[in-house]
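The following pair of complexes shares a single chain, chain A, combined with chain B in the former and chain C in the latter.
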Partner chain A sequence: MPPESSLAPAQDVIHNIGYRNYTGARLGRRYIRRSLYVQSLRGAYGLGRSAKSKVLPMILFAAMCLPAAIIVAVTVATKANKLLVAYTAYAPYLQAVIGLFLAAQAPQSVSRDLRFKTVPLYFSRPMERFDYVVAKFAALASALFILTAAPLLILYLGALLAKLGFAGQTKGLAEGLVSVALLSLLFAGIGLVIAALTPRRGFGVAAIIAVLTISYGAVSTIQAIALARDTTDVIGWLGLFSPLTLIDGVQTAFLQATSDFPGGHGPGTGAGVVYLLVVLGLIAGSYALLMRRYRKAGL
Partner chain B sequence: MFHPTVARLTYRGLLGRRRIVVLLALPVLLLLVSAVVRALTGADDATATNVLGGFALATMVPLIGVIAGTGAIGPEIDDGSVVYLLAKPVKRPTIIVTKLLVAIGVTMAFSAIPTLIAGLLLNGNSERIAVAYAAAAAVASIAYSALFLLLATLTRHAVVAGLVYALVWEAFFGNLVPGARTLSIQQWALALAEKIGAPGAITSDVALPTALVLLAAVTTAATWYAGQKLRRLTLAGEE
Partner chain C sequence: MIAIDGLSKRFPKVTALDRLTVDITPGVTGLVGANGAGKSTLIKILLGLSPATEGSARVLGLDVATQGAAIRERVGYMPEHDCLPPDVSATELVVHLARMSGLPPAAARERTADTLRHVGLYEERYRPVGGYSTGMKQRVKLAQALVHDPQLVFLDEPTNGLDPVGRDEMLALIRRIHTDFGISVLVTSHLLGELERTCDQVVVIDGGKLLRSSATSDFTQATGSLAVEVTDSDTHPDGTAALHSALTAAGLMVQPSGEHGAPGSGRVLLVGLAGEETYDMVRDAVATLGLGLVRMEQRRHRIAEVFQTTAVPTAGPAQKWDSPDAA
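Let's turn to the complex of A and B:
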């Protein structure tokens, strides 16, 4: 050893300045998935975002619940022996509100990630495509479920206050909840697939509304004409071509709902199975499309 | 008042890449529905009025108006690239008028022409229904484009606001409250259709002179105010 090294410190020493490895718990994919879910769900109602972005979802939520409160008030005041609007009929009745909520919130959930190129940052974490898609899908479906189930709960509580039969109301509520759960999953899937195609929020909003209203408008126009022409057996099958009439068909066939189809010509149980299969197929299909969409994380 | 370069950029921004697919999808669906209806029912005037009035004029024209009207300037304001346009020595009202003309052209091309073809498909222009609705769609295109272009300069949620107007105000309130119909572009356009069509074929809640005055007033006022708005535009960051 040269003597001078003991006098002065060597020039080429790597100092240990105390970097340490992380030894804490690694929370892993499940934790990331849950965080992304919670953050997306809160984001759909504008929670944790600016005051401006709370306005629209909250107004839509209020617009969704207000009619339920009015119905309850009328039911209690007039001492009616059943609710004015059936549980299963409530969501189709306010479809415009649900459509606007979906159109406004699906693009904010995924389009901004694409536009500001944050998707690659997500995937630099130990999360997989599956986690991102499932978290976003579940968050939007839950947001829609909250939007559609809250008024049903108001109706149910009101019905109990008005001393309508407990068993009958509980059964009605359960049927209504199943129907809106299916509706939430279906709408969330369609909305996310469209929104994930474009980084521009405005186009996503317009495209979602276009798909929902145009398909519904086209189907009900042709159905009305089919009714006028007395070709009533076509009416049931035409409902397969728009999201809302699909849900209507399923709940008419299985959930004792009264069909909104022209003349009440909803599908029977046999056709109802086809409806249910198409709904489940669309939900699975939109999940598959989303997985495909995020195969290339960059764009 | 017309700047060719601005027009070219707007036109490419509206129809470039996959956006034309969204705009094309609606007219194609209208023609498809018309063909199906014709096959199911044959030529029938009442059916034609239902399809053209309920589907084309009430849903398709406002939707295309929203996409073209807000799409003409909204994305540029949204991503901030509008400052490069505003920095050029072009008058702000000129920019607005140019963008409006392009938006009107696109809306007309994608709504009035398909309406005319759909009307011919449905009943071969009997009682002049096809021409009447096509004219109504063309007139409505002008007012919708101006209104939604103004919205795009006012708020970054212009698309949602425009859809709320088109779907909630015109469709929902228009059905519930008859008074709301006098304040709806759709009814003003229908007034023109009523005049063109055979007597009794089409009805509107508004008299023709009132409708034309209101249409002109809304279009000019919206364009003027959008120009004013663009003169002192503040760019907000993403929330």
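Let's turn to the complex of A and C:
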């Protein structure tokens, strides 16, 4: 006997198939961490978000790369025997762009979760505090690295196109990449700590810009005064008090960079060790502060 | 399902939980208590997010102190407060959170579509959450708690802020989570009436202490009574009193309802249900007296009344008619 179901129901019926249990894979914390990292990194450039939120990061990315393209064009056209800007000098020249990017994207990454109280939704899942903090930190540092390393690659490709020495250019690029990697970690740490203090995005943006510009402005001013008073030995140490001059100190001491300090009085190798330790200490400290910040936020 | 043994949580100034011991069985369990009774604190401890000061608890056989991550993989949590970013769509948010529960990308998308449909979100799921009504937001919050197909969900005040219709829909949905989805539910509320309709078991805590834990049917059964209201007539100017004496004479247990303040409450008699024949006796008594029967309805003992007697055993009016001996 044919069952009743052989009288097929009309094709346009939508069947409620009922609840289905999930029996597939449940991936562990590594996968969760990587997913959050990728989502946050894409988010820093507005990918996977509204069209409006893509505008600023893309403009800043273009602003970061355009000068490199111009430099390449000039180098090729004038058949110069070296690039007009050293690899290690490029990021400091465009520090305002980097600062704006950090000020816009660090609060985007963490303040939203705090402001809309989304954090408990993360911590009620298998992930731990460590996973959240590491994913967010790594994502912002990677976003800054992409921002700062991309123009260096343009410079490098341009230099090869202009048939500048391969070995010298590769070494310069490597030094530049190490420098911007340190810069990315340091800036990401500082930016995230400030942003995680407040659920208000606007405060975060303002505070990050303030910390970066005021510290840099104060250090540069006092260094200039020191130069004018001929107390040049102080200049090298004053650079310890702002993020950008810290990077300047490290790359002057170890990466053959020319210091932007007044009179070119960058730290020597001995003082450079102190600079490097302070940079690494700040990165580790930012991580520790973030871990502390989220100790209670999970509740 | 959940075994809590001597659990305490003390903060510097308050004791949120005080040596709480209770077993929670599979099904829908209501966790009732006033604001600040320790409900949310208990949920945080059960999720392994907050260490207990003393005592222990196991969720799905896993220790909350040492196996928090394993518990959170199998459990869903819907927070009490607003927790949705307004600028993303329900689909985007729930897909992301499904991945945060460890679901691979394709499974996360598929489960999200399924779960949002089950909680009753359709075309609107592609719009930003910021434009949703409170009821829709609550559904999104529920969906993110269910998307990884947990064995157990903690729902913290899911009916908060909903209008009566939304409340009923949410309660029906909670019931379905157990009956249709096979997921056990621990739901908190400070409204007892809601839980009576929804839950299999009710746990009452107050000031961090266990007041009572039992099956909902225990609360409401064996307390059957009839509410009877009659009119007056020329022969019986006080029909209620006449019926009272007539029914008492017939051997039934009769009490005035004692519901002060409600309109007409002074005219309602509560007649103990001795069996099916009670209905006939009331009908006959009313007919004999020649009164008009305004209403005769079955009354179940409300959970609230049980709690009142449990919480304040000395307060006479709260005990009402169900336990005349205790007075």
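The working rule: the second predicted complex is superposed on the first by the 274 of 299 C-alpha atoms of A that agree within 3 Å, B and C clash if a C-alpha of one lies under 4 Å from a C-alpha of the other, contacts with A are read in each partner's own complex, and residues count from 1 in each chain.
In the analysis below, a residue touches a chain if its C-beta (ideal position, glycine included) is under 8 Å from a C-beta of that chain, and two chains touch if they have at least 3 such contacts.
The model shown is predicted, which means the values in this text are computed figures rather than measured ones.
Of the two partner chains, chain B is the only one touched by A:Ala226; chain C is not.
By the document's definition of touching, both partners, chain B and chain C, reach A:Ser50.
By the touch criterion stated above, A:Arg125 is placed in contact with chain C alone, chain B being left untouched. Of the two partner chains, both chain B and chain C are touched by A:Arg112. Look at A:Ala181: by the touch rule set out above, it reaches neither chain B nor chain C. In the superposed pair of complexes, A:Gln39 makes contact with chain C only, with no contact to chain B.
In the superposition on chain A, no contact is made by A:Met291 with either chain B or chain C. With the contact threshold set out at the top, residues 49-50, 112, 116 of chain A are in contact with chain B in one structure and with chain C in the other. Residues 49-50, 52-53, 56, 96, 99-100, 103-104, 112, 116, 197-198, 200-203, 205-207, 209-210, 213-214, 217-218, 221-222, 224-226, 228-229, 231 of chain A are the ones that touch chain B when the two sit in their complex.
By the touch criterion stated above, chain B contacts chain A in their complex at residues 18-19, 22, 25-26, 29, 33, 36-37, 40-41, 47, 50-51, 54-55, 59-60, 63, 66-67, 70-71, 74-75, 78, 157-160, 163-164, 167-168, 171-172, 238-239.
Of all residues in chain A, those touching chain C in their complex are 18-22, 24-29, 31-32, 35-36, 39, 48-50, 112-113, 116-118, 120-128, 298-299.
Considering their complex, residues 44, 47, 49-50, 69-70, 72-73, 75-77, 79, 81-88, 92, 96-97, 99-104, 107, 111, 114, 118, 144, 148-149, 180-182 of chain C touch chain A.
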